[in-house]
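Next, two complexes with chain A in common: one pairs it with chain B, the other with chain C.
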Partner chain A sequence: MNVRLDVIWHELPQFAIGLGNTVWLCAVSMTLSLVLGGLLMVPLMSRHRVVRGTAQAIVDGGRCVPFLLLTYLVYFALPSLGLTVDKWSAALITLVVYNTAYMAEILRGGWAHLPAGQTDAAHAFGFTGLKLFRRIILPQVLIAVGPVIGNQLIQLIKDSAFLSIITVPELTFAANAVQSYYFVPFESFLFATLLYWALCGGVEWLVHRGEKYASIVRLPRD
Partner chain B sequence: MELRGVVKRFGAHEVLTDIDLQIMPGETVCILGPSGSGKSTLLRCINWLERPDKGLVFLHGTRIGYRFTATGSVPMTDRELAMLRTRIGMVFQHFNLWPHLTALENIIESPLHVLRRPRGEVIAEAEQLLEKVGLADKRDAYPAFLSGGQMQRVAIARALAMHPDVLLFDEATSALDPELVGEVLAVMKDIAHIGLTMIVVTHEMNFARDAASRIVFLDKGKIVEVATADAFFERPATERSRQFLERYR
Partner chain C sequence: MLTASMLLDLLTGVATTVAVSAIAIAAGVPLGLLLALGRSAKMPMLGTACAIYASFVRAVPVVTFVMLIFFGLPALGMSLDPLPAAVIALTLNTTAFNSEIWRAAIVDFPRGQLESARAFGMTGPVSFRRIVFPQIWRASLPSLVNEMTLLIKASPAIAIIGVVDLTRKARQIAATTYEPLPPFLAAAVLYGLALLLLVIAARTLERRLRVRLGRL
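Up next, the complex of A and B:
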C-alpha cells in the first residue's frame, strides 16, 4: 500500500480548520453547559418536590436522547415547527442542550455528597442563599467533580464528530472531505484520529493537573 | 441567653422536653449527659440549626427565629436569621472547616463576606487570632494539611473572629486523638478566662470541673440538674447524676 502522506501535508490547512472548529465548538458549548448546568443544579436540589421533579425530568430528557438523534431533531425537525436554524446554531444548540443535562446531573451528584457539616458551618456563620451557594458550595462541588467534568468534555469532543452529518465543517467532516476527494481513507481518518487523541490527551493532562490541586484543597474522607 | 420551654421532636421521638435555661453574660456553662441525651440538639436549637417544635429562645432579649410585629410573631427570613447567627459562634465536633480555603481564609471568610468588614482590618485580626491559638505558622495551610487539633483550633479562631455574644462548643474534642485533646482544651480555657459567654457540650469532666461556672446535666432530653461545678462534682443532687459521674471516676 502506498501511504499518501503528501496528501495529508497538502491538506493540512483543511484539517487545521476542522480541528479549529471542533475546538471552539467544544470550548464554547462546554462553558455554556457548565454555566447552565450550574443554574439547573439549584432546582435539582430544591426542597420543593414539584420544582425538583420538573428539573429532573428536563435533565433526564436531555440525557436520554442519543446525541445523533438530538442533532436530527434540532436541524431537521425544528424547521417543520417553523424554527429554522443554520448548521452552526444547530450544532451549538445540540451540544449545549445535551451537555447541560449531563453537567447538571454531575454537579447535583457532587452537591449531594457534600458533607452536611459544610452547610451547617456556613449557616452558623451567617451565609444564606446565593452567597452560600457561590462561596461555600459551588467551589467544593467543582473541586469534587472536576475529573468527571473532564471525562464529560472528552465525551463531548467525540460526540461533536456526529455534527459532520449536518455538514458542520469540523474535524471529522474535514477528514471525510479529504478522503473522498483523494480516495485516501486510511491516511485521512488515521490522521483525524491522531488529532482527536492529541486533543483528548490535552484535556486529560488538564484534568490531571486539576486533580493535583484538588488533593490539596480536599479533605480525605474517613 | 435564655431558653423557655423548648421542645424538639424527631418524628415521634421527643429529643428535648421543656428545656428552661438562663445563661448570664460571661458564664461558661457545660452541658453534660450520656450519649443521646439531647445535648447537641439543645445546642443546635440555640442558633436554629434545628428548629424547636415549641418554646422560645432569646439572645439578649431578641427572640431567635421569630420577629414580633403588630399582628403577632412571624418567622424570620433567612437573612434575618443569618444576621442573628453571626452573633452566635459555633465550634463543631468535626471542625467543619471549609477545605477549599486556607486557615486564614477560613477565619476571614464570614467577617469579610457576611459582616462586610474591611479586608485589612479583618486579616490583621485573623493573624492575631492564629497567633493566639498557636498556629501563626499555619496561616496559609489548607485544612487537609492540618492535624485534627490544629483544625479545631483554627475553627475556634474562626468563631472568635465573628466577635460573638455567645460561643457554642459541640463536643469540640470528641473527634480528636487523645494526645490532641489537650491543646484544644487549653485554648478553650483561655477563652473562658477572658469572659466570653460559652456553652460547652463535652465529655471532658476535668475541663468542666475547672472551667465551668455552672453544669447543666441532661438525661433523656430533660434537664435533671443545674448546679455550680463544685456542687455538681462534689455533691451531685440526683441519683442519675451520681450514676453518671461514677462512670468517669
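Up next, the complex of A and C:
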C-alpha cells in the first residue's frame, strides 16, 4: 500500500478544528466539574449519616455508568422528558455530569487524607465554616490531588471521543470524516491517535510542572 | 415501559458485553505481565518498544483505537470481522494498562528477596515463579480489578463498528419503541450490577487470601 500523507497534510485544518473542539470541550467541562465536585464534597464529608450516604450513593452510581450510555441518556432520553438539547449542549452536559462524580470522589479522598490536627488547629485560630474551607482545607486538598486530577483530565479527553457518535465535530469525528471522504482510514485514525498521544503527553507535562511548583509552596506536613 | 421481552433482548447485549470483556481481560492480564517483564528486561530495544507501546495505547481513546483496528488494518491488508476486531482492540488496550500495574509491583519488589533467592541457588525463572510472582499478583490484584471495571465501562466503544453490546442494544430498543428512557436506564442498572458483582467477587477473593495466606 502507499501511505497518503498528502491527504492528511491537505486536511490539516479539519484535524486542527477537531482537536480545538476536543480541547475546549474538555477544558470547560473540567473547570465546571471541578467547581461542582467541590460543592458536592461538602455533603460527602457531612457529619450526618443520611446526607453523607445519599451523596456517596449518587457519586458511586454515577461512576458506574459508561460514558457512551450517559451520552445517549442526555441526547436521546432528555427530549422525551420535554428537555430538548442540541449536540453541543448534550456534549457539555454529559462531560460535566460524568466528570463531576469522579471529581467529587477525588476531592473527597484528598480531604479524607488531610491530617485531622489541621482542622483542629484552624478551629483554635478562629477559622470556621466557609473561611475554614476556603483558606485551610481547599488549597491543601487541591495541591494533594493535583496529579490525580491530571489523570482524570486525560481520562476525560479520551472519553470525549465517544461524542463523535452524536456527531459532535471533535477530533475522532474529524478523523472519521476525512477517512470516509478520501478512504484513508489507516492514515487518518493513526494521525488522530498521535494527536491524542501528544495532547495527553502535554497534560502529563503540565501536571509534572505543577507538582514541582507545589513542592516549593507546600508546607511541611505534621 | 420496559417489557419482559425488551429485558430479555437487553440481556443478549449483556452477554456480548460480558463475553467480549471477559476474553479481553483473560488475555490482557497475562499479556500485560509479559509486556511489563519486557520493559524490565535488560534489553535496550525491547524495553523501549514496550514502553512506547504502553504510553501510546494508554493515551488513545478506546473508540478511536477500535476504529483504527477495524477500518485501518484492512488498508494494510489485514481484514477483520467486527467481533474479532473488537476483542483485539479491547485486549490491546487493557494489556497496556495492566502492564503499568504489573510494572509498579515489579519495581516495588524488595531486592533483598531476589538476592536471597539467588543465594539459595534459584535461577531467574525459578525465583520469578516461586518467589516474585506469588507476591506481585496479590499486590496487583486490586489495581487489576480496577482496570477491569474501567475496561467494562470503555467496552461500549465496540458498538461503533457494529458489535451489538449492551449499549447498542439499548440504543436499538430506544430507536424502535421511541421511548429512550426505559432501555437506557435499564442498561445503566445492568452495567452497575455487573461492576458491583465484579467488585464484590474481588473483595471476597482478597479477604480469603488474607485469611489463608496472611497480610502481604
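Rule of thumb we're sticking to: the second predicted complex is superposed on the first by the 216 of 222 C-alpha atoms of A that agree within 3 Å, B and C clash if a C-alpha of one lies under 4 Å from a C-alpha of the other, contacts with A are read in each partner's own complex, and residues count from 1 in each chain.
FYI, contacts are C-beta pairs under 8 Å (C-beta built on N, C-alpha and C of every residue); 3 or more make two chains touch, one makes a residue touch a chain.
Not measured: the values here are computed from a predicted model.
By the touch criterion defined above, A:Trp205 lies against neither chain B nor chain C after alignment on the C-alpha atoms of chain A. When both complexes are overlaid on chain A, the residue A:Ser80 reaches chain C alone and has no touch with chain B. Of the two partners, chain B and chain C, it is C that touches more residues of chain A. Applying the stated contact rule after C-alpha superposition, one finds that A:Tyr181 touches neither chain B nor chain C. When the two complexes are overlaid on their common chain A, residue A:Trp24 makes contact with neither chain B nor chain C. Once chain A of one complex is fitted onto chain A of the other, the partner contacts of A:Ile143 are limited to chain B, with no touch recorded for chain C. Per the touch definition, chain A reaches chain B in the complex via residues 115, 117-118, 120-129, 131, 135-136, 139-140, 143, 215-220.
Of all the residues in chain A, the ones that touch chain C in their complex are 1, 61, 64-70, 72-73, 76-77, 80-81, 154, 157-162, 164-165, 171-172, 175-176, 179, 184-186, 189-190, 192-193, 196-197, 199-201. Residues 55-56, 58-65, 67-68, 71-77, 152-157, 159-160, 167, 170-171, 174, 179-181, 184-185, 187-188, 191-192, 195-196 of chain C are the ones that touch chain A when the two sit in their complex. The part of chain B that touches chain A in the complex is made up of residues 47, 49, 78-79, 81-83, 85-86, 88-90, 92, 94, 96-100, 109-110, 113-115, 142-145, 158, 162.
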